[in-house]
Amino acid sequence: MKKIEAIIKPFKLEEVKDALGDIGIEGMTVSEVKGFGRQKGHTEIYRGSEYTVDFLPKIKIETVVGDSQLEAAVAAIIKAAKTGKIGDGKVFIYTVDEAIRIRTEEKGNSAV
Amino acid sequence: MKRLITLITLGWVMATGALCLAAEEAKPDIAPAATAAAATAAAAPVDPAKAMLENTSNLRVGLDTVWVLVTAMLVFWMNAGFALVESGLCRAKNCVNILTKNFIVFAASTISFWVLGWGLMFGDGSGFMGQSGLWFLGGADNSPALGKDYLSMNPFSTTEYAGVYSAINWTPVPLWAKFFFQLVFAGTAATIVSGAVAERIKFSSFLVFSFLLVAFMYPITGHWIWGGGFLGSHNFRDFAGSTVVHSVGGWAALAGVLVLGPRLGKFGKDGKVHPIPGHNMTSAALGVLILWLGWFGFNPGSTMAAGNGSAIAHILVNTNMAAATGSLGALIAAWLLLKKPDLSMILNGCLAGLVAITAPCAFVSITNGAIIGFIAGIVVVLAVLFFDKIRVDDPVGALSVHLVNGVWGTLALGLFYDNQIATDVAGLATKLSRAEQFMVQLKGVFWVGLYTFVGALIIWYLIKLAVGVRVTPEEEIEGLDIGEHGNEAYPNFQSVGGK
Amino acid sequence: MKRLITLITLGWVMATGALCLAAEEAKPDIAPAATAAAATAAAAPVDPAKAMLENTSNLRVGLDTVWVLVTAMLVFWMNAGFALVESGLCRAKNCVNILTKNFIVFAASTISFWVLGWGLMFGDGSGFMGQSGLWFLGGADNSPALGKDYLSMNPFSTTEYAGVYSAINWTPVPLWAKFFFQLVFAGTAATIVSGAVAERIKFSSFLVFSFLLVAFMYPITGHWIWGGGFLGSHNFRDFAGSTVVHSVGGWAALAGVLVLGPRLGKFGKDGKVHPIPGHNMTSAALGVLILWLGWFGFNPGSTMAAGNGSAIAHILVNTNMAAATGSLGALIAAWLLLKKPDLSMILNGCLAGLVAITAPCAFVSITNGAIIGFIAGIVVVLAVLFFDKIRVDDPVGALSVHLVNGVWGTLALGLFYDNQIATDVAGLATKLSRAEQFMVQLKGVFWVGLYTFVGALIIWYLIKLAVGVRVTPEEEIEGLDIGEHGNEAYPNFQSVGGK
Amino acid sequence: MKRLITLITLGWVMATGALCLAAEEAKPDIAPAATAAAATAAAAPVDPAKAMLENTSNLRVGLDTVWVLVTAMLVFWMNAGFALVESGLCRAKNCVNILTKNFIVFAASTISFWVLGWGLMFGDGSGFMGQSGLWFLGGADNSPALGKDYLSMNPFSTTEYAGVYSAINWTPVPLWAKFFFQLVFAGTAATIVSGAVAERIKFSSFLVFSFLLVAFMYPITGHWIWGGGFLGSHNFRDFAGSTVVHSVGGWAALAGVLVLGPRLGKFGKDGKVHPIPGHNMTSAALGVLILWLGWFGFNPGSTMAAGNGSAIAHILVNTNMAAATGSLGALIAAWLLLKKPDLSMILNGCLAGLVAITAPCAFVSITNGAIIGFIAGIVVVLAVLFFDKIRVDDPVGALSVHLVNGVWGTLALGLFYDNQIATDVAGLATKLSRAEQFMVQLKGVFWVGLYTFVGALIIWYLIKLAVGVRVTPEEEIEGLDIGEHGNEAYPNFQSVGGK
Amino acid sequence: MKKIEAIIKPFKLEEVKDALGDIGIEGMTVSEVKGFGRQKGHTEIYRGSEYTVDFLPKIKIETVVGDSQLEAAVAAIIKAAKTGKIGDGKVFIYTVDEAIRIRTEEKGNSAV
Amino acid sequence: MKKIEAIIKPFKLEEVKDALGDIGIEGMTVSEVKGFGRQKGHTEIYRGSEYTVDFLPKIKIETVVGDSQLEAAVAAIIKAAKTGKIGDGKVFIYTVDEAIRIRTEEKGNSAV
């Protein structure tokens, strides 16, 4: 099993979710994060002093998938999340040792 | 360090003592000056009866001015209500922008109504617009003296009105009090626009439009109705401004909304409506409670005199009744049609009732006031659904509240017109039948709507051509707070979603 | 496109010009109609002395009506205060629900007090309840004329009161002004309940209870004290409603809390109290400042006439003093007992002082007012701890504030009773000693408490049997905002914890 | 269970019935007691003309008292405005602390001004301070009787003032009304300090300072100007307190800021300014709208009588005009200098305009009022930049608003002084030329500034030595809410950043 | 060393924390996430239009444990977090290459 | 490639970011988390009842780096984040199977 971790632009969340759904992936966990990379933050002004907001809002999607689904899932995410502009984000893949569904205590592929 | 402090302290205490003694000796032999706020002449007049009359006249004018100023303050306070309702019903990322718009719009209105608006509206002139004393309230005026027909408003007064603002010579208060009361009304019309065009309009373009609205458009239609113009003199009635203020604001907003188009993401390609929930229902609810309170100034204050209390009490109860039944009407309509009692609909229902009772409050009975409000509460729910259906995007329901119910209230005045109440409470009886009065109202609604809508459309287009009216899509996605103002409304809180 | 615009613009400008000219010619030959807000007869009366008297009487009534309406508006404004305090001291997930409850409760109260409440409370009848002019204020009434014993309230008036609402014939204001002032009080009683039952009550059940409370229960005990009933006529005194409004609301709330039980998770199995912090202390603090302001209407307005200013000034200073000492009392008690000056306790202390001074404000000296408030501030801290100890779950401290201090204030009137002040300020001297007055107060507290608590308990149980009073545990965990209203209060912010 | 309920219900209903009948029979034969709020003598006076005069005098006093109390309530309401502005412009982690400070400071002021402040300020005494009737308003006083020179303020009155508070014997209202109006002003001065020292001061130290400020320092300089002291009697003019209230608060704040030092992280080692954005711009904007409204009490209420309405109308329009031009001035300055229209600057601009017009509102024309406000709006933007430059850390801009513009407004009175308006509106003409008046104003600014700044510095240092003024760095980083109060302002929301 | 990542229902946090404490695990990091899975979101209404909130609030607990503690920790989490109703969540296990305590620069098992 | 996951004190974020920047690491993802460990939470009081806030605010920094940068990055983080007081936090290191830049679909080291 693999965990796919995708950092994407916030307004792409719906599309990515739908793209994953289309290939049969219906489980995922999402969090709000702040990203720092090539895309630069913006300048704000407050009471006459400028300051830079370096960190930009991003969404992190984590989904654990069976090895067989990995390729399709990554492709789907990339397709849905791409705008071609800087700041589109990253996909990271990790190996998962084990997955367990708390409700049923099922393990492995059937748990994800 | 400590020593220094001890020294300074000692010095200060000693100086205090010395000053104390010195002052004792140099005790001022002139009396402390008086704040003779009452401009009552210091020299006793010769004729005691005349003096008594003048003193009592001052008392009458004093009371009426207090009433006018206090109710005007309540209407001013509605600025806070609009700011909260409109920002609360929009997204956090546009909150600073809306607050700034609503804040500055009253400042701008103050200037434009002072410079020109007042003169166009109340200056003597044609049936179309004021022409005398146009600039800076510069015309002759001996207020609080009353016009010949209105002497009973201050039976103690012995002077008669002479001046160029005779359309408003029926209220026994000083000119500046008249100005301030009318100013806060003008400001309200401009504020209405702000909510409908929110979350996508350029700050500078909004500012320009508001300035023009209050300097030219609002005063001209206002003149037609309250300034001695052709509608008022042909029996059109609008006690406190369902048409003059609310539907004018609404028409101007509608034009703006059409020129701007809907917010990104509001309507799906499939025709589906994607609701964009407001970011702060505490703001929205507090805002409406402020407006409800403010309306106790708006309507009862439009008497512009306290009189013997019965008119203002009648109007106030009517206002409250329509707000209550409007809220309940929307509650029921939302519960039945939409399955759950949506707070934002109830809030709109309350405002709808208030807008609708604004014209007729001094012309209809309390029971009919309750009915008018209840209908308004239902109408506003349907109107919100309707505007969504025809893909007109109005983030805060300003069109449904102010335009639709401004029209409804103006017509309701005709439908429920009561000549006895018009005489006793409004002092503006027309002696028409309900059907006749309704037709007159309909005509007024038509002319004001046509003029304001077309005029606003033109101004919006000209602004669009000159500097543009809408922010870039990038800015709209990121939020206008950063784009227009470089600020964030709530920098210490984590926001959700990329919306 | 641009061409089209140019054409329209030209058309509009030309039309404007044409209208201008046309209107010029058709200049209305009738004067703009007058807003004769003052219902002063237009035709000059024959006898000038009598006319002068009538005009001055109108002035007197006008001033008193302005005072009554402005203070009533302040009391209305307390709705915003309660909405903010109660929602601020609850969790974000129930915020929309509380706002909606507090908003709609005044709308509902308006209807039920209009339809029946007023009649039951102020209609002539038995010592137990009003029986004449029950419905829609439909009875005979020639207000602002005054009852025979109260002619000094408007020495310029020449008419005497005739009507069925004689219990309130001592104030020289029009009927609708009396109604509105009493209505906002009735609404307050209902609002008090909302906070205590928050975060677990079904929206519809709350609505039904509030309607019944204002239609039946509040007016009946109100009649006993203010409506000519058996308590008021036996020397029981409650100037502005420590008992009539606050403890009645408190007893009704206590019954509701007992029927509902505590919120999930408030009390551990081990008897431990798990505090559930309020979600927005800005709301809570602003709410209490609003209530403090509103109380300047509540107490000084209960004179229902401005008089010569000395009574209202005394009452206002007493009100402010008790609010201040109540805040300081709670600050000190919290600091000593709980180690830190907890803001929510200070806020409760302020309200406690205000509730406590409500009955005695016109019967005690300023110094004693300060003492009453200070004790209230300490009492409220102890009461909050006590209710937690006996596992009565009151999210916002409504019982500690309104019930406990409503009782304390009513008794304090006896303990600190001053016959001279009762004569000069309240005009309601009983000539009893402090001990006697205390006993009378105690009896009144008892009867009102018994009647309201038992009555409310019955109504709550009946509602429980009929439709249930409490939401499901699932809904309670997820929050009532989504369950009852399908809304979220702050959708753009990330919330914390699953609470 | 159900059976029990049925039984109780039956019992209650039967008891209700029985009570109903019993009460019917025992119908009280004494009339319900009257709320003779008007202390008008019940026994008719013998001489009808004299009675008429007295009754009309009561009416005059009643109206003036209503005006004074209503405007005082508006000033009280400014506490809410300051609480919101100051907490909104600080970080979420210090929000409870600021709310608590701003809340309790008025409670504390109430006590200290009652106990001693009033006496020091208005008691008869030397040019330096009051000396009679010092404690608890305990001196002789027959208000609302008027001093000999001010009889025209209530021409119906036949009594003359006798008492020890003769510096304020020009307003025809009862003593407690005078007290309350002056109290809310004293409270304002203390509140100003709160914002400047926010986010780092110990709660207890702030409390002690505020108490001393209102008990000693504010009343003494107040005496110099309004209490019969050496500045007022030498033609120094300050109508509603640009100096008496605002710059005094500002000087005290400046001293506090210097003693405290800047917040951690505000100024980088490299001299760079690190802005610390406020956590809630909704709070800040609402707060300023509250203050704008409150100022309609502050300035027009300072007439302390409604008069014939013309003075209060003039003052109110001037106040509004300066607020509007102040906002626009700051908008323009910020847009030009800082590239974007920063909301917090616009809000400060509005307050700057209001502070600046406070002294001159009754001495200058409307046009000049607009100019004074506009300059204030520009000045405040520059002042904020300046204080940042010299590394004086004032989180909310209190110094730029209250100190700098308090001075500017006081001087502007001289620069734009108009003797005719001073006579008609203020009733306090000096007959000096503008240059002369300016010099007088300058001297007053100097003495008040010197005295208050040095005095405040001493008090702050003494407190520092005794108990410390600043919280620990750990507490400052974690936030004062937890450290000082054990509370969180928004526990249901996820906060951002470690700031 | 292993990292245990548990997605649970928010109101179970206290119980899971206590269960881990009982078996001697006193270090963990918690974050607010939104979950998407079999448990369906709810419908909200706003101004007359319905919309679905797909993502449900969940809590993510991350705790790095020595290999020996793994089994006990997973069992404790599952026991405490289970309600038996849909949406109970998942447990994922990953291998950790290294752990370092910043304060002391200790590494490996003694760092967790 | 390795993922470095650092849990640090919130006010250290700027310093750590700058330290990473200094050694050429310009991509990272940051989230707000709550930590539970040896550092104890604080007691709050609300309406007379005390309660403990166990979880302290922490910042989680995630950065994926090439194997060659690993050591330098960890050292930089530790240096910048250390205060020596309890609660300074942890650094965890994981193996990353793959990294992809969404915008360009670059993979591996050149994607981070």
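A, B, C, D, E and F label the chains in the order they appear, each numbered from 1.
To be clear about the criterion, a residue touches a chain if its C-beta (ideal position, glycine included) is under 8 Å from a C-beta of that chain, and two chains touch if they have at least 3 such contacts.
Just so you know, these numbers come straight off a predicted model, no measurement behind them.
> What are the chains that subunit B and subunit F both touch?
Both subunit B and subunit F are touched by A, C, D, E, going by the contact rule given at the top.
> Do subunit C and subunit D, two copies of one chain sequence, contact each other through the same residue numbers, with over half in common, or through different ones?
Counting which numbers both chains contribute, under half are shared, so the two copies meet through different residues.
> Please compute the C-alpha centroid of subunit C, do the same for subunit E, then give the distance between them in whole Å.
One centre to the other, that is 48 Å.
> Using CA atom averages as chain centres, what separation in Å is found between subunit D and subunit E?
Distance between chain centres, rounded to whole Å: 53 Å.
> List the centre-to-centre spacing of subunit E and subunit F in whole Å, with centres computed as mean CA coordinates.
18
> Would you give the residues of subunit A that are in contact with at least 2 other chains, written as numbers and ranges?
Those would be 31-32, 44-46, 94-95.
> Check each residue of subunit D and list the ones that touch at least two other chains.
In subunit D, 56, 59, 63, 66, 70, 277-278, 280, 339-340, 342, 344, 486-488, 490, 493-497, 499 touch at least two other chains.
> Pairwise, which chains touch?
Here the touching pairs of chains are A-B, A-D, A-E, A-F, B-C, B-D, B-E, C-D, C-E, C-F, D-F, E-F.
> Looking at the complex, which residues from subunit F come into contact with subunit A?
Of all residues in subunit F, those touching subunit A are 3, 17, 26-31, 64, 94-103, 105, 111-112.
> Inside the complex, what are the residues of subunit E that reach subunit B?
My answer: residues 44-51.
> State the interface residues of subunit B toward subunit D in the complex, per the touch definition above.
That would be residues 2, 5, 8-9, 12, 16, 19-24, 26-28, 30-42, 51, 55-59, 61-66, 69-70, 73, 76-77, 79-80, 83-84, 87, 95-96, 99-100, 103-104, 106-108, 110-111, 114, 136, 144, 173-177, 179-180, 183, 203, 280, 283, 484-494 of subunit B.
> Spell out the residues on subunit C that touch subunit E in their complex, using ranges where they run on.
For subunit C paired with subunit E, touching residues are 477-478, 482, 486-488, 494-499.
> Could you pull out which subunit B residues touch subunit C in their complex?
56, 59-60, 63, 66-67, 70, 74, 91-93, 126-129, 147, 149-150, 152-153, 155-156, 167, 170-171, 226-230, 232-234, 239, 277-282, 285-286, 288-290, 292-293, 296, 300, 302-314, 316-317, 320-321, 323-325, 327-328, 331, 339-344, 346-347, 350, 362, 366-367, 370, 424-428, 430, 454-455, 457-458, 461-462, 465, 490, 493-497, 499
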